[in-house]
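Two complexes are shown next, each including chain A; its partner changes from chain B in the first to chain C in the second.
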Partner chain A sequence: MFNDLTLGRNTQQQASLPAGVLIMLVLAIAAACLFLIKALIDFGPAEQPLVALVASNLAQSGVDNPVTAVLLNFRSYDTLLEVAVLLIVALAVVPASTDQSKLRFISVSVPTERSFVLEAFLRWLLPAIVVTSGYLLWTGAALPGGAFQAGALLAGAGILLLLAGHHNFNFNAPAARLLLVVGLAVFLLVGAAVILSSGTALAYPQAWAGMLILIIEVAATLTIAAILVLLFCALQVEPPRAKYEGPKKEEHS
Partner chain B sequence: MTQAMLYAVFGIVLFGVGLFGVLAIAHVMKKILAINICGVGVFMVFIANASSGVAADFVPHAMVLTGIVVAVAGTAMALSLVVRINALEQQEEDA
Partner chain C sequence: MISGELVIDLLLGGGAVVTAVLCLTAKDLFQAILLFISMGLLVTLAWVRLGAWDVAIAEAAIGAGLTGALLIATRRQLNQ
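Now for the complex of A and B:
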C-alpha cells in the first residue's frame, strides 16, 4: 500500500546529495563504526552482576522464566510504560470517527474479492493460532514466551481475518475501546492494589505474584493484539486519487 | 573473537548502514526503514554483550523485548504521519 504514496513535494525536492558529500558521509560513518568496534573489542567481556541478582531472587518472583521475572516483576515499570506507549500510539492512529451507527466491534460483510485458499486455510489456522497463543502466554511463566509473543500471534490471526475480507473491525466500538485499554488498566489496578499489602507500587506479595503476573499478562495480551491489529487497519491507505484522476486533470488544463 | 563479539561487531555495522540511510536518503519511507535498521543494530549489540559472559544476562533480554515493541509502536506512529502528510499534499494539489 505504501508503494502508492507519492509524497509529491518531497520527491521533487529530493535531488540526491552530490557524490562528494555522499563519499564523505560513507567515510565518516565507516570511521565511526571502526572506532566503535575498536572500543567494543578493547572493552572486553562486560561484567554481569545482574545475572546473580536475578538468579538469587527468582524464587520470589512468582515465575520460573528469568526474562518474564525481569519483565513483569523486577522491572515491571518498563513493561507498564511500554503498554502505555502502545496505548498512546493507538490513540494517535485510531480513526477519528464519531459515527454511532456501527457500534459493533466486528462486522461481517461479503468481500469483493474472495481468496478461497486463504478462506479454507483460515478455518484450520485460526483455532490453532488462538490455542498456540494461549499456550505461549501460559508457558511464559517457565519458558520463553509471554504476553508479547502471544499478543503478536493473536494480532497475526486478526490480520489474516482482515485479509480474508469477510470481517471488518470497527475500533470505535465500545468493545474495541475496552480491548485497547484493558491491558494498561489492569496493570495499573494491580500495581496500585499491591500497595495495600506491600506498601510499594508494583511490588507484588510473594504468595500472589504468580497469579497477579498471569492476570496482567492475559490483559496485556488482549490489548497488544488489539493495538497491533488497529495499527494494521489504520495504516491501510487508499491509493492516491491523483493517480486515477490524472487523465481527467489533463483535460481540464 | 568470540561468536558474541561477531554479532556485536555486525550490530555496529548495521547501525552504520542505517545511519547512512537516515542521512543520505530523502524518501520518508526509506528513512523510516533506515531508522529501523539502526534500531536492530542497537538491539544486536545489546544482546550480544549480554551473552559474552558465562551465563546470559536476562535484564538486557527483557529490555530488548520491550525495545522491540516500542520500536514497532514508533514505526507505526511515523507511518501514520507519512500517510497524513501524503493526504495533506493530495489536498493541496487538488485545491
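Now for the complex of A and C:
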C-alpha cells in the first residue's frame, strides 16, 4: 500500500515536467556533480587542527584509539545523550501491556516451522558472534571498535535467535527492563561519581579513565543490543497474537 | 595517470549512487530493501577506503545488517 502511494506520487511529478526541462536538469546536476568530484580530487590534504588536538591529548584519555577517546572522554556528553535517545526510542516501542511482567525474559517454545539449516548454522555462529562482540568491545580501547559496533553485533545474534523460533524475548520482564536502562544508568552514575574527584561531571580522573570507559562501554553494549532486539521484536508479532491484538492496535494508531 | 585505487574509489562511489537510485525507483518493496542493503555494503567499503574503520564496522552492522532485518520485518507486517 505504502509502496503504491509513493510510486504514484513519483509518476505524477514526472508527468508534469516536460522532457526538455528534465534533460536540462539532468545535464545541470551532472555538470555540478562532475565539478564537485573534480574539486574533491584536486583538493589537497586539508589542515585538520582537531586531529592534532586529539593526538596531543590522547595520553590523558585512558584509551589509545582516538575515536573512542573522542566518543567516551572528550565528547562523552554527546554519547551520553545518544544513549538517552536510544532509551527514548525503546520506551516508544516497548509493549504497553504490563500483564507479562511476571514472565521470564527469555522463554523457550516449540517453533511452528523448524529450519534445520538455520539451527545447525546458529549452533556454530552464535558463540562466534558473542565472542566477536566481546572482542570488538575490548579492542575498542586501542583499535577500531567499541560499544555501538559490539552492541549491534550482539543484537544481530539476538535477531538470528528469534528467527530460529525456539526462543522468545519478553521485554516486560524485570531483567529486560534492567538491560534497557543499564547503559544510561551506569553512564550517569560514573559521570556523577567523578565529580567527587575532578569536580566536573564526566571528567574522568586520568588514572582511572581507561577502566571507567570500559565499564561504561560494557553497560552501553548490553543496552544497545537489548534496544535493537526490542525494535525487531516490536515489528515481529506472531500470527495468533497479531490477530488477538489487532483491533486494539488500530485504535491507538 | 589514473591509478588503480582511483578506479576502485570511483567504482565504489558510483556503485553506491547507482544502487541508491535503483533502490528509490524499484517497483517491488522487497527489491528496494535488498538494494538498500547492497548500498549499505558498498558504503561500508567506501568508508574502509576512506580509512574510517569505526564508521565502516558500524555501517556494516547497523546500516546494512540490522536496518535490513528491520525493513524486512516491517514489510512482512505490511503484507499481513
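Keep this in mind: the second predicted complex is superposed on the first by the 186 of 253 C-alpha atoms of A that agree within 3 Å, B and C clash if a C-alpha of one lies under 4 Å from a C-alpha of the other, contacts with A are read in each partner's own complex, and residues count from 1 in each chain.
In the analysis below, a residue touches a chain if its C-beta (ideal position, glycine included) is under 8 Å from a C-beta of that chain, and two chains touch if they have at least 3 such contacts.
Note that this is a predicted model, so its numbers are computed, not measured.
By the touch criterion defined above, A:Ser56 reaches neither chain B nor chain C. Counted by residues of chain A touched, the larger count belongs to B, out of chain B and chain C. In the superposition on chain A, A:Leu136 contacts chain C only, with no contact to chain B.
Of the two partner chains, both chain B and chain C are touched by A:Phe148. Using the contact criterion defined above for the overlaid structures, shared-chain residue A:Leu231 touches chain B and also reaches chain C. In the superposition on chain A, A:Val67 makes contact with both chain B and chain C. Of the two partner chains placed by the overlay, only chain C lies in contact with A:Gly156; chain B stays clear of it. Of the two partner chains, neither chain B nor chain C is touched by A:Ser109. Counting contacts by the rule stated earlier, residues 2, 7, 10, 41, 67, 148, 228, 231, 235, 237, 242 of chain A appear in both its interface with chain B and its interface with chain C.
Remark: chain B residues 1, 5, 8-9, 12-13, 15-16, 19-20, 23-24, 26-29, 45, 49-50, 52-53, 55-59, 61-63, 65-66, 68-70, 72-74, 76-77, 79-80, 82-83, 85-87, 89-90, 93-94 touch chain A in the complex. Every residue of chain C that touches chain A in the complex is listed here, in rising order: 6, 25, 27-29, 32, 53-54, 56-58, 61-62, 65-66, 69-70, 73-74, 76-78, 80.
Taken together, the chain A residues at the contact with chain B in this complex read 2, 5-11, 13-14, 16-17, 22, 25-26, 29-30, 32-33, 36-37, 40-41, 45-48, 50-51, 54-55, 66-67, 69-71, 74-75, 78-79, 82, 85-86, 88-89, 92-93, 148, 224, 228, 231, 234-235, 237, 240-242.
Contact residues on chain A toward chain C in their complex (touch as defined above): 1-3, 7, 10, 41, 65, 67, 136, 143-146, 148-149, 152-153, 155-156, 159, 228, 231-232, 235-237, 242.
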